[in-house]
């Protein structure tokens, strides 16, 4: 079956991408599979300057999920361009940069720097930083900020497509989706992690030094599917589904509600060859369930009248 | 250990309550344990008039969780008072009525009817109905409405304590908590279910007729703990923790972050004697971890500076 | 002893049944008998292996096939994750079990009674046949997809008249429906009783013919269940007057003219 | 053959080790050998039983004890849910395994080398002793909480000088620390090398004395891991200059003066 997908300025050989922060800069997984087999690789979130990230402990297991508060530890955009990008097989697999900043201007600068990089197929905008100036609410929870940041990135991104990554920690995700569309986003990716917490009754401390952390993994799949469903109905730009995908069936669920592609996050930790295998399994399962084509299947969910 | 708790006008012999909608009207569980052993029983959500609820299918399993869209099927408050309440051992266990209505006036009427019932220890206000007049956003997602509904219930509740049940499907749950406190709530209970969805790739249909449903069970525990933690810090009224509790350790986690009591929901389906056993296990575990008393342990989480 | 309870019991035996087209699909499971006062054919139990921890949350409902003071026997078809893990249980493993749950099939010993089973729907009739004081008044009809030895048909037809038809070729279904109709007409004529258990389309067929012939018939439903005790309202069906009622407590057996399928 | 890979392998054997105070705490696990080109002592593997499905998500890291072309041996202490389910594996069960991961202990055959093990921290030294060309230059010190036969100490002390002390009574800890200091002073005097593996307080002690005496020392960290391949940044520690580095790829072995504990 033809597994190619083109949407929002991206052309992928299949709909399987790896999610930011769960696949490093790609090379970490090279011993376990052929990187060029993937539809796309979204690399670890990067900021203008290097960041050391949050104190330890940063991760904890939860029922069918995990919490993380890495705090966007990264070597900074310049080091990424100098060291990581050249060794990635970007001619054969779409490499998407994940941008992290704490104001619209900084986002613009990041976009400006990356716009000139041939090896970058698209920019994904991570709006999860709490906006200190605006009272500490995260950008991603404020539609006005989402729109502003998207505009800032779009303005500097040149011909690079811009994908805005939405947070599920909002009252109405469709408002955020519309804000990003209005700001000029070429596509949306969702969901980022759910805000969560874990504590240890023995030492009476939070299990994560940052106290509040992001919940990911199969536990959140129902929330992610609901968000993707709502957003697909609300906006005209394409959507990439993320959240708890741990099998080909999970991936097809997101495509069934209308996602053009998916990103695999936490499941990369189940085994490092997970995403590579998923590429084959997805095609096989599509055939098994008698879908005529990927396009035919996409968004073909029958809703009750 | 003394397991009594008194808070927000309620006096319970222990902090273990059962959550609305997961314990029927209590009697369903009488063959499996002594109802009077429980700290409290929150009965199925009730409305002014009987409701048939949503079409089938209404439930689906998800990783470490479940979805439900029962749609508050219930016999109406009058039938509850006539048929269910008299056979409950309300003299020996706190019976909490869970009120469901779609505008503030209706909520007031429900409170008015229940205020005169000796068998009712408190009223829990479920603000999950979408407010059709205000554009379909649920009451529970709009702080103004939460305040208004709380006031309406408080006004008619006489001397019955009022507990407002908060939804996690909001950008900032502390704003909702403050709104309920402002409206005069005696205590808060949280969380209600997360908004989620599941689909079947074989028949290409939603697994729940209502399409969107409520996610509950261990999967949501990290979100619930985070919400309780945030709300405990934000308001001065007591909080009852709900969400994914499936062991004594889980229950103590909520108490550690500051909950006065807990409600067990989905875990009642693991086995019908779950909540009864939890009463004993909670006390045992508190002793095992060397807590001086329930009060000493409550809210004793050490936060990093 | 107790009317109804929740217990931890040990698995005594899990054995595959029959020569299988799809291997390992049907299993007989023997469990330690929970200390019940008694049970009635048509009732069911909820089973949850202790080893499930938190993923899968729900127990699974199964009809009681037979039960004496020592052993409780179930007949399980592997159809998904839950049943897959249940049939992989080993002797000595622990399961939580609560029951006996639900109502039961009508038993009118003197009345000619037709038992209509679709596949695994034969399970509750094992106990029915065993407990019936006049098995000569019973006839069992089984529509089956896999080879006959996958089902406890041979043992049952030693005690009662047995008729079976295989649903294998595309044209078989129509033949089966025709024979079902014939039999229902026959039992209507002799003012008999019809009891049925099987997949929903099968039950709908029974319901329709029974209505047409004006014969008393019962159907046993297999809705998905979470609590099994009437509390969650996840398993409901519509009764004759359009009200939602719990299959786990108001059923699983309904009079065919008092339920919407 | 392959430098590093992820494979499904079968469990060959799981055997409890020693006379236990707390029963069933230590286990030796033998797995099919994945087709690696080689491995070095100090490296580890990530193990995830196929049967875990979705609850527990993460694999668990274990030091490679020994490995030949047929068998990979691990030494596992049951401390929680994950290790509890790993030691309950049966021969024939399938596990995903990826490795060999991380760096390894320094090996300087001619240099007197002191191996300091705290409890289960003895595991990586099994392979170290085996692969060392001059075991006469090695001394193994083990601080243990359970009875000695729970640890592979006897086998190791056939090949190298072995010293052990039990941490049983409240006063034992101070004695152990005193002896550790003595030994570190001794190896500092002969310009030796110190390698250590054990719980964090144990490693901190090693780090402190090594710094005081100016002797070269390595510590092996056991931070909680999700990916094991350097991608998630969940396992980091601070290096000598205060930067967060991945324990799974930049460790697990660090020079004691180049890591913050």
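Per-chain numbering from 1; labels A, B, C and D assigned in written order.
Assume a contact is a pair of C-beta atoms (placed from the backbone, for glycine too) under 8 Å apart; a residue touches a chain by one contact, two chains touch by 3 or more.
The structure presented is a predicted model; accordingly, all values stated were derived computationally and were not measured.
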Chain-contact steps, minimal, separating subunit D from subunit C: 1
Third chains touching both subunit B and subunit A: C, D
Centroid comparison with subunit C (C-alpha atoms), farthest chain: D
Geometric centre distance via CA averages, subunit D-subunit B, whole Å: 47
Whole-Å gap between the CA centroids of subunit A and subunit D: 36
Residues within subunit A bordering two or more other chains: 63-65, 217-218, 246
Subunit D, residues touching no fewer than two other chains: 54-55
Contact graph of the chains (line, ring, star, complete, other): complete
Subunit B-facing residues of subunit C, complex: 2-6, 48, 54-59, 96, 98, 223-224, 226-237, 242-244, 249
Complex interface listing, subunit B residues touching subunit A: 55, 62-65, 67, 137, 141, 169-172, 194-199, 201-206, 209, 211-213, 215, 217-223, 225-226, 229, 244, 246, 249, 252-253, 256-257, 285, 289, 300-304
Subunit D residues touching subunit C - in the complex, by the definition given at the top: 53-55
Residues on subunit B engaged by subunit C in the complex (per definition of touch): 21-24, 28-29, 31-32, 44, 52-53, 56-59, 61, 63-66, 68, 70, 73, 217-218, 246, 266, 268-273
Touching residues (chain side subunit B, partner subunit D) in the complex: 63-64
